[in-house]
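Next up is a structure, given as structure tokens.
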Amino acid sequence: MARIVVQEAPFDTAAEIARLTAGRTDIGGIGLFLGVVRDTAGGRPIVAMTLEHYPGMTERALGAIAAEAETRWPLLGCTVIHRVGRLMPGDPIVLVATASAHRQAALDACAFLIDWLKTKAPFWKREEFRDGSSAWVAARAEDDAAAARWLTPRRAAAE
Amino acid sequence: MARIVVQEAPFDTAAEIARLTAGRTDIGGIGLFLGVVRDTAGGRPIVAMTLEHYPGMTERALGAIAAEAETRWPLLGCTVIHRVGRLMPGDPIVLVATASAHRQAALDACAFLIDWLKTKAPFWKREEFRDGSSAWVAARAEDDAAAARWLTPRRAAAE
Amino acid sequence: MKILYFAWLREKAGTAAEEVEPPAGVRTVADLIAWLSARSPGHAAAFADLATVRCAVNQDFAGPETPIAPGDEVAFFPPVTGG
Amino acid sequence: MKILYFAWLREKAGTAAEEVEPPAGVRTVADLIAWLSARSPGHAAAFADLATVRCAVNQDFAGPETPIAPGDEVAFFPPVTGG
């Protein structure tokens, strides 16, 4: 059962790892991805980024993505935390963590989760520029391509 | 310049992430792998694992692996910490963390580093079983295969 | 029927949420978009380029042919950009 | 020349490190293995199955044909199993 959280507050990566592994000794590897707000967008400096989401559907979509990962890989734990609201460059924005007996499953599931999250979870980013203007971020074709490569699983789940 | 550490002591994952990102706002993603000692080996319960290494060559080999990753992906930071000595099930054994402007580079470099580390860094594991016996771990053909897939880069470095 | 708008569709439509009662002939998402577009210039602007509009019916992604019914929650938004 | 043994090669050879002065004809890693194997039954056992023996010369991975010279640090060990 995956842990899915959508929140404005920062998250505690170490606490999330501890929670994933608490009391277990069957985990051999943890894959983790931490997304961070960058200070530029398309070469333009940004001062802040605001994340809007669709309450209710967001948790549902993240849960479905995590459930899909759990059918594809033998996961012993899975955490997805996504922040919303106004964030600054350098702020962590998303955490994906996966635990498995073997590293390949953990790493592949982690990459899968962030790729699918980017194209299937209802979040929208608005970037604020130095001159006071702001703009909604356009979806990227690369993200669609990254998500699409999981439609035909490339490698077996187990190491 | 990668941060390479070989030590007996536990490491602090949160501190390592903080160190990787300290004072920068150009990082968009951090890929992280945490290896943990499992409580079974080939179906047999283990009570401890001792890691031997080749002081000097180990740091050199890890540095070469990290340098190779830095030529393949546009990394903004890279940390590899490997523990040696006697560890218990549940103990973290290895940390690989990579930072890049984009997630794909960070995730791919992280997977590359742990795959190559498993086949090119001079560490040897000895497992202790419940009955008091112990045995050196044999190298796994799967690890060689995982490392070999990086000999022909599959994807472009940049997103 | 509850209609939700997110991101720039919200800004263009001028509302985040509205309750509507479309006539009986409005049976699909495509029908609904055509009907909503006639409500105001803002609505028309929100739906002007359908290539950049995505839809969810009762919080599941939906396409133009997805059927809709009274009581449904229908959301319109741009392609997602989280992560 | 400094010879190092790790993991089960260390256990079989009965030593972690030794200083040796092989004769002039010992020019490669393969020559060295043959010469070291004659030093004791333990050494012979360590090198009995060369398919499971790896070597580094001056801390770089080496093969049977790698040349060796006085002053080198030559290490023998099983395939690595870290991570």
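By written order: A, B, C and D. Residues from 1 in each chain.
Operating definition for what follows: a contact is a pair of C-beta atoms (placed from the backbone, for glycine too) under 8 Å apart; a residue touches a chain by one contact, two chains touch by 3 or more.
Note that the structure is a prediction, hence the values are computed from the model and not measured.
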| item | value |
| --- | --- |
| If a chain touches chain B and chain D alike, it appears here | none |
| Approximate Å spacing (C-alpha centroids) for the pair chain A, chain D | 48 |
| Separation of chain C from chain D, taking each centre as the mean of its C-alpha atoms, in whole Å | 73 |
| Euclidean distance of C-alpha centroids - chain A vs chain C, Å | 27 |
| Residues within chain D bordering two or more other chains | 83 |
| Multi-chain contact residues (two or more partners), chain A | 35, 103, 114 |
| Chain pairs that touch, as defined at the top of this document | A-B, A-C, B-D |
| Chain B-touching residues of chain A, taken from the complex the two chains share | 12-14, 17, 21, 24-40, 89-90, 101, 103-104, 106-107, 110-111, 114, 142, 146, 159 |
| Of all residues in chain C, those that touch chain A in their complex | 4, 6-8, 56, 59, 61, 75, 77-83 |
| Of chain A, residues touching chain C in the complex | 35, 51-54, 56-57, 60-61, 82, 93-94, 114, 117-126, 136-140, 143 |
